Structures are given as C-alpha cells and as structure tokens.
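Each of the next two complexes has chain A plus one other chain: chain B in the first, chain C in the second.
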Partner chain A sequence: MIQLQNIHKRYGDYVALDDVSLSVAPGELVALLGPSGSGKTTLLRILAGLEAADAGRVLLNGGDVTALSARERQVGFVFQHYALFRHMTVFDNVAFGLTVRPRRQRPGKAEIAERVHHLLAMVQLEGLAGRVPSQLSGGQRQRVALARALAIEPRLLLLDEPFGALDAKVRKDLRRWLRRLHDELGMTGVFVTHDQEEALEVADRVVVMSRGRIEQVGSPAEIYDHPATPFVYQFLGNVNRLDCRLRDGRAEMAGLSLEAPGHGGVGEVTGQAFIRPHDLELLPAEAAEGAAAVVSHVSLRGGMARAELMLAGRILEAELPRPQAEALALRAGAAVRVRPRQARFFLENGWSGAEPAVAPGYLGDGI
Partner chain B sequence: MTPARPSPWPRRLLILLAVVLLILFLLLPLLTVFASAFAHGVAAYGAALADPDALSAIGLTLTVAALVLPFNLLFGLAAAWAVAKFDFPGKSLVITLIDLPFSVSPVISGLIFLLLFGLQGWLGPWLAARDLRVMFALPGMVLVTLFVTLPFVARELIPLMEEQGTEEEEAALMLGASGWRIFWRITLPNVRWGLLAGVLLSNARAMGEFGAVSMVSGHILGLTMTLPQQVERFYNDYNTVGAFSLASLLALLGLLTLVAKSLLEKRTPTSGA
Partner chain C sequence: MARSTVLPGFPLSLGLSLAFLALVVLLPLAGLFLHAAGLGWAGFFRVAFAPRALAAYGLSFGGALLAALLNAGAGLLVAWVLVRTSFPGRRLLDALVDLPFALPTAVAGIALATLYGPHGLLGAPLLRLGLAVAYTRLGVVAAMTFIGLPFVVRTVQPVLQDLGSEPEEAAASLGAGRLQVAVRVVLPLILPALFTGATLAFARALGEYGAVVFIAGNVPGVSEIAPLLIATRVEQFDIAGATAIATVMLTGAFLLLLAVNMAQLWQRRRREGV
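The block that comes next holds the complex of A and B.
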C-alpha cells in the first residue's frame, strides 16, 4: 500500500507538483501518464526518495517514509536509460544490491550467486551473465536493469519510462512480458509513461497528470470511455475538438448540429465539444442531413479508413470501416456530408455533458 | 560542356603542405634533439647523463613531480566530482578558477609566488623570522609547479563525468549503497582511465615546466636545478651534448605521455549503459 498525501514540489518559480494525493493498492500496477512537464517523473522520484517533496507525506505499507533516504526505502527503481554500471558484468550489476549490504545482512557468496542466476533466468538472460552492458541490446539492458532492481526484494517497483528508449517491436514484446512478470510476482508497481497506448495496455489503473496535477484516476476503460476533463479527452486517443454553443437543448458547432437533451431549458452557453473520429458519420454528398465537407486526405489502417475532412475551414478526422469508405468512394477532393453520432460537451457553466447527445433520426451505419 | 572532374591537384597540394609543415615543425626538431644528443656517440650520451649536475637535476625533477602528482590527483578528482555531479552557487566561478593557471603566463605565476613568499614579499619576513625557506628551495618549486599543473586532471575529468551523468550513482543509491561505496565502486571506476590520462598529462607538464620554476628556483647548481633549467645551463655553457641528452629525456617523456594518453582514451567507455 502506497499513499502520497498532499505532495507539493517547486523548482524556483516552476510548480512541478501542486497538492497531489494518490494511493496505490498492494499488488497493483499503476501508470502515471502525462505529457512532458506534467510532473509524473517528479512524482516517481519523490516516491523513490531521489527528490524531496516541499510538503506532503509518503507512506509505504502504512509507515511514514517521508524522512527516509532513497537508500533506506528498499524500493526498486528502473531508470529510463537503464543506468547499468558500465564497467561491471551483468552478474555484478544484478548482485550489486546484495553485495553492498552491511556485513550482518549480506548473504554468502554462494547464496548471492544462486539468487543472481535465479533472477537472470527469470528475465531470460541466463547465458549473458559474463557480458558487460555495452555488449547487450536495448531490450536486454532493460531486463538486466529490472533483474538488478528486483534483487533487493523491493517493497515497491518503480519504472521511469521503461520502454521509452526501445524500438517499437521490442517495446511491444517487453510490455507484454512486464505485465506477465508483474502478474506472477504480484508486486506493487508504478511506472511513468507519456504513451497512452502503453498505459492503457499494461496498467491496472491509470493516473493522468497535467501541469503538476492529477486530472483523472481510473481503470483504462474508465479513462478512455469517460474522460473527466477536456485534457484527458485530448490526451487519450484522437479526438476532434470544436467550439460549440448550446441553446434550448441543441448544440451548434462549426456547422454541425446535435440534440443535447441533457441541456434543455437553460439559456445560451458556449464551450467545447469533443467528438471521437469514429463518432463522425459520413454521408453521400446528396444526403439531406449533416453538413457539407470536403475530403482532404484518406489513409488506410488495417480494416479502418481514416479521412481528413475540411469543414468550414476546420480540419476534422473521421474513422470508418473500409467497406463503408469504399461505398462512399472516399478520396481526396470528394464532397461528403458529415454529422456527429455523439459528442461530449465541456461548457463554461461547468456542465460536462454527462449524457452524450444523440443525433436526430439516427438510423445506424447503413444510410 | 560536360562538367570536368575536379582536378586532384588542389587536394594533393594541401596534403603536401600539411606533411611538409608537420616534418618541418614537429618531426625535424624532435629528430634534431636525438641526433644532437648522440652526435658524439652513445658513450658521450651516457657520460652526459651521468654528470653529477645532470643526475641531481633528474633527481630533483622526479622529486617535484612525485610531490605534486598526488595532490593534483586528489584536487582534480574532487573538483571534477563537485562540478560535474552537483549544482551549487558559484559553480561557474569554480570552473573559471580551475582554468586560471592555463591563462596566466608561467613566468607571471612564478613572479606571484615570489611576491608572496620572497624576502620582500608579504609572507617573506614572517617566514624568514622562523627560518623557513620557501623561495629558492624545494617548497617554492613544488608550489609553483602545483599551481601550473593544477587544471590538468580536472580538465580531463569534467567532460567525462558530465557525459556519464548521475544516473548510475542514483541506481546504486536505490540499491542501498552508501555514498562512500558509490564513489569507490561506481564513480571512480567509471573515470579511472581518464584520471590516469590526466595524471600523465600533468606529470609531463610538471617535469617540463621552465618559466615558473625558473622564477623561484634560484638556479643553485646541483641543488635547485630541474631538468629544463639544467638543459638551459648546459646549452649556455656550450655543452651541446649535455643539453641535448637531457632534452632527449624530456622529449621521450612527452612522446610516451601522448601515446599512453591516446591508448587510455580509447579504453574509456563513453556510453556503456
């Protein structure tokens, strides 16, 4: 159980963390997700004891460790660029945490060797114990770093952008592998990432951060399907953002219009509408509904087609199944009509469109 | 018209120029040193080195270097460690101060020490009253040599340590290592070849320094004459073989230092982790 209570951190005038509180349940794998400068790495380093918070408390398994140094916290840390000891072999790297223990707690040579080999087997690097880091690939270095962090039997495992420096293929493999390893060991873990796909795929719970604050905490599905703030909406997945005006239960946005029954009977109010690309429906140019738009670019990805549209001087992105795109004869320069199936509103009066609006006369995809 | 192939001549001319200059200004003087040293045969060379004044100069030079180097090593390591691994107010001032001896003429450095410790200097009367000899004796020569050679180790280590960053130290800390252990097991091994290269460079300079030492040595024959000064003395006395025999030792030292340094720099892993 980890608890961060009201953590504040500034660097000069720059506020890195602004009253952040968070708790992580035992055995949970949590992702700190945010753009650079959101404070996620600072939060991780405060948890590790590598940075001190200006105010607030850090509790580990109920005990207050705020005043404990990084050395005393018994927390495993995997660095973004691995930080392997460059002049030591893989074996010595992994054994380091055991060999630097005070004499009374230090295991014997044979026991250390046994534990190091066990860890290397676990990260599938048994044959490489005698190599030095410069002779390893990026993925192998990352696994050595992980084995080294696990050697001290940490109460908590922290990973800073663990896959950031790897190429796409290795990253995907390592991601799955880390998830499996975590499930086997049942260790509490926190990792930092700026890659939403990574966070959604690997973590049990995602903490979205922006400008030193937590925007939303939730399961990957909650975060993706019910973003709590405009920031989360934009940061997770593609989304079209439009200025909008709501009046008498109807939303108007750049030529598009939509019923907003949840907002009936209130005066006129402005704000922003968020529409996912797959919630933009494309209709033939001669259709009666929707707003006229021009296709500026079409790209294919697997079974989906992605169309970039120009609508009243704005660029919108729509996503639709390929057969449907072919039926519409989508290509650059083609005229279409477009209407939203649903949208989410964040208005200046604070209303955040809890019930997504539904287009009038929506007949499904078969038009 | 088809574009003509660029003529090879400008290229060849430039290479030729570089080679000629290299031979004229570097190789030829070096060869002259050895040629003049052996002008009257190996026996004369041996005899010149066995001259009591020459032997005393060699001994003094080795003594000064032996006293200066440990201090240089410790200071350079500590200064580089502080500058490269930590942020503190006045850091840029420290870096500037480390470079100061490089930017001051060695003769001026010698003069400063003369003004500080000489009989007419600030500390002179105080030292004289206690019968402590600094100027025109070993302590003065060690002090000025120290001043002149101070930057070498730090200069070699700062860029290396800055490039290596502090992540490995942080990793060791997370694994439970104490500050002392981190220094001995991580920081020092990571810079060991660079440290050795810096010590070699500062050694070559310590043994070869002329101007600064000349200001404070007093030129007492067989007592406060280092190698470079003895070379000058022999030369002024028209003892060419003696001068060049000693000069050949210094030239050899310089060559070995350069070879060793380039070998060491190849061994330093710039990015292992």
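The block that comes next holds the complex of A and C.
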C-alpha cells in the first residue's frame, strides 16, 4: 500500500505539485498520465526519494518514508533513458544492486550469478550477459534497466516514461510484455506516461494530471467513458469541442441540435459541448435531419474512416466504419449532413444531471 | 580507385597540420638537439648528468607528479561541486578556477611567496607548526599545484555535465552509498578525462618557471628546478650547457607523455573489447 498525502512541491515560483494525494493498492499497476509539465514525473521522483517534497507525507506499506533517502527506500526505479552504467556489462549492471549491499546482507558470488541469470531469463536477455549497453538496442536496454531494478526485490516498481524513447512497434510489444510480467510478479507499480493509449492499455488505474493537480482517478473505462472535467475529455482521445447554448432540455451548437435530457427547466445557459468523433453520425446530403456540412479530408485507418468536416466555419472530426463511408461516397468536397448521437456538456453555471458536478468557473482551465 | 569519404579535404588538412606541427614544434626542438650535439658525448654527459642537474630533474619531475596527483583529487572534487550542486556564488567560483590560467606566472609566484613566506598569512602559522613552505621543496609543489588546477577542472567538468545525474541517481536507488556511487559509477566513467586533465597539469607544472622560482628559494641540489638551471646557464652564455639539460628534460617529458597516452589507449581497448 502506497499513500501520498498532501504533497506540495515548487521550483522557485513554479508550482510543480499542488496538494496531491493518492493511494495505490498492493499489486496494482497505476499510470500517471498527463501532458509535459503536469507534475507526473516530479510525483514519481518524490515517491522514489530522488526528490524531496516541500510538504506532505509518503507512506510505504504503512511506514512513513518521507525522510528516507532513495537508497534506504528499496524502491525500483526505471529511468526514461535507462541510465545504465555504460562501463559495466549487462551482468554487472543487473548485479549492481546486490553487490553494493553491506557485506553481511550481500549474497555470495554464486547466488548473485544465479539471481542475475534468472532475471535475465525473465527479461529474455539470457545470451547477452557479457555485452555492454552500447551494444544493445533500445528495447534491450530498457529490459536490462528493468531487470536491474527488479534485482533488489523492490517493494515498489516505478517507471518514468518507460516506452517513450522506443519506436512504435517495439513499444507495443514491450508494453504488453510489461503487463504480463506485472501480472506474474504481482508487484505494485507506478509508471508515468503522456501517451493515453499506453495508460489505458496497460494500467489497472489511471491518474490524470494537469498543472500539478490530479484531475481524475479511475479505471481506464471510467476515465474514457466518464471524464470528470473538460481537461480529461480533451486529453483522452479525440474530441470535438463546440460552444453551445442550452434551453429547455435542448442544446444548440453551430447549427446542430441535440436533446439534453438532464437539462430540462434550467432556463437558458451557455457552455461547451464535447462530442467524440464516433458519436457524430453522417447522413446523405438529401437527408431531412442534421446540419449541412462539407467534407474537407478523408483518411483511412484500419477498418475505420476518419472525415474532417467543415460545419458553419468550424472543423469537426467524425469517425465511421469504412463500409458506411463507402456507402456515403465520402471524399473531399462532398456535401453531407451531420447529426450528433450524444454529447457531454460542461456548463458555465455548473453541471446538473446524472454526471458528476463541475465547479462553476472551472470552464476554460487547462484546455 | 579513389576511396570516397564524407570528410572533406583529407590530404590537404593532414598536410597543413603536419607542416604547422613541424614549423612550430619540431623545428625548434631539432635546433635544440643540434646545439646540444656541439658538446660531444663526453661534454654532454658531464653537463647533463652532473649531481646538481640530477637533483633538479628529480625535483621537477617528482614535484610535477605530486602536484598532478593533488590536482587530480582536488580538481575532481571542484568539478563535481561546480556541476552537481547549486549555491550562491557558484558562478563566481567557476570563474575563479580560470585565474591560474590568466595570471602572469610571475604575479602568481610573488603572491604565493608572500602568502607562504615566514611572515605570510599562511606561512607564519605553518612555520609555528614547524612546517616551512616558502623556499623549500614544499613551496615548489605548492606553486606547481596552483598553476595545474584549472587543467583538471576544465577537462572533467564537461564530461561530468554530459553524464548527467541519472547514473548517480540510479545507483542510489539501487542501494549504493555515496562512496560506492563515487568509486563504482562516477570515477570509472570520468577516468579518461581525469587522466587527460592530470597529464596536462603535470606537463604544465614540469615546464613552469615564473610561478615556481619566487617561492622555491632555489638552493642548488635542494630546491632548484630544472628550468631554472637552464635559465642560469643561458644567463652565463653557456647555450650548449643549457641545451644539454633541456634535451634531457625534453626526452624525459616526451617519454612520460607517450607512456600516458599508451596507457589510455590500452585502457580504452580493454573496455571496448569486453
């Protein structure tokens, strides 16, 4: 069990973390997700003891480790650029954490060798024990860094942008592999990423951060389907954002109109509507419903087609299955009609309805 | 069959650099050997290996070696502090490091002689403790250390900067203590730079004249350095004698620097050949 309580951190005038609290259950794999400058890496470094918080406490398995140094915390840390010891072989890199132990706690030479080879087998690098880091590929270096961190049998594994420096293919393999490894070892882990796809695919729970604060914590499905704030909506996946006006349970935006059932009897309010691309329905130009729009660009991605539309001077993005796109004869310059299936509203006077409330005046922050 | 390479003008650049080296370094040195040869073998040995000359070589080479070792330790520490820590006045300290480079060596010599003299700020208390610095061999080493420090700091500093703090942080998170981080992680990574810096400091200390003679006392056979012996001969218009001593110094220095270079090459080969 890890607990971060009311962590504050500032660098000069810059507030990196502003009253952040978070707890992670044993065996859980948590992603800290946010844009650069959101404070996610600072939070990870504070957990590891590489950085000291200005205020707040860090608890590890119930014990207060706030005052302990990185050396004493027994936390495995995998650096973004691996930070391998380039003058040592792969074997010596992995063995390092064991060989620096005080003599009485240090395992014997044979035992160290056995454990290193076991770890190297686990990260699928058995044959490379004698190489130096400069002779390895990026993915291999990453796995050496992981084996090195696991060698000290850490109470907690921390990874800073673990796949950030790798190319797309290796990245995908490696994150599936990390997920499997985590499931086998059952170790508590926290990793930092700015890639929402990575966070949603790998983590049990996602912590979305922005400007030194936590925006939302939840399972990947919760975060994606029920974003709590406009920031989270914007940050996770593509979304169309439109100014809207609500009156008597109906929303009007850029010529589009939509039922807003939770908003009956609120009077007239303005706000913003968020519509996912796959929630924009495209209809033939001669249809009676929807608003008229012009296709400006079509791109294909697997079984899906992505269309860029001009609607009353705004650019919207729509996503639809390819057979549907072909039936509509979608191409640049074509006229279509567009109708939203559903939207999520963040209103200036606060949120009312089934979804969690958004504080008044929140709108516009961080977007 | 022309070999193609992306690096331009290889024959021209090689030719130019060789010509420059010959003109600036080799030619004057050849003249030196030529002059010394005028003495004949017997005369050369008599002058170059006289007891007074032998003592001077010992002091010059030994003192320079000691100063280089001192600077390797102190310079490494200064470089680490300048790169890894931040404190008010860090930039000022950084600029101060270059002073021994910029100062006319005679100024440095006079300053050191005053500081370490019998009535000096440091010399007086040290003398009371029974440690005479000025006008002894100790003074020679002190002056040599002073002028050599920037070489070590300025060669190690960029390497340390380039290395970043991540390897040190990684080692700490793996449970290594400060000494273990220094000895097992930082030192091996900057050893080539440290070696180069110490070699430069050694070479500079070996040839230094101005900073040393004011504080050395120049007692023949005790605190007299080889460059002074050469200067004395020149003042007595004994050019051949001066060149004889210079030839021994030059050969010694060349062999030492060559050995250091070979050692570095061997170390690099060993590391890469793992």
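The criterion applied here is as follows: the second predicted complex is superposed on the first by the 351 of 367 C-alpha atoms of A that agree within 3 Å, B and C clash if a C-alpha of one lies under 4 Å from a C-alpha of the other, contacts with A are read in each partner's own complex, and residues count from 1 in each chain.
Methods note: a residue touches a chain if its C-beta (ideal position, glycine included) is under 8 Å from a C-beta of that chain, and two chains touch if they have at least 3 such contacts.
Predicted model, so just to flag it, every value in this text is computed and none were measured.
Partners chain B and chain C clash in the overlay (superposition on chain A).
After overlaying the two complexes on the shared chain, residue contacts for A:71 are found with chain B and with chain C alike. When the two structures are aligned on the shared chain, A:342 is found in touch with neither chain B nor chain C.
Contacts of A:324 after superposition: neither chain B nor chain C is touched.
In the superposition on chain A, contact of A:229 is made with neither chain B nor chain C.
In the superposition on chain A, contact is made by A:89 with chain C only, not with chain B.
Of the two partner chains placed by superposition, only chain B is touched by A:133; chain C is not.
Once the two complexes are overlaid on the shared chain, A:101 sits against chain B and chain C alike. By the document's definition of touching, of the two partners only chain B reaches A:141; chain C does not. Within chain A, the residues touched by chain B in the first complex and by chain C in the second are 48, 50, 69-71, 74-77, 79, 81, 83-87, 96-97, 100-101, 132, 148-149, 151-152. Interface of chain A with chain C (complex): residues 48-50, 69-71, 73-77, 79, 81, 83-87, 89, 96-97, 100-101, 130-132, 148-149, 151-152. Chain C meets chain A in the complex at residues 166-167, 169-177, 180, 184-185, 188-189, 271, 274. Considering their complex, residues 164, 167-168, 170-178, 181, 185-186, 189-190, 269, 271-273 of chain B touch chain A. Across the complex, chain B is touched by residues 48, 50, 69-72, 74-77, 79, 81-87, 96-97, 100-101, 132-134, 141, 145, 148-149, 151-152 of chain A.
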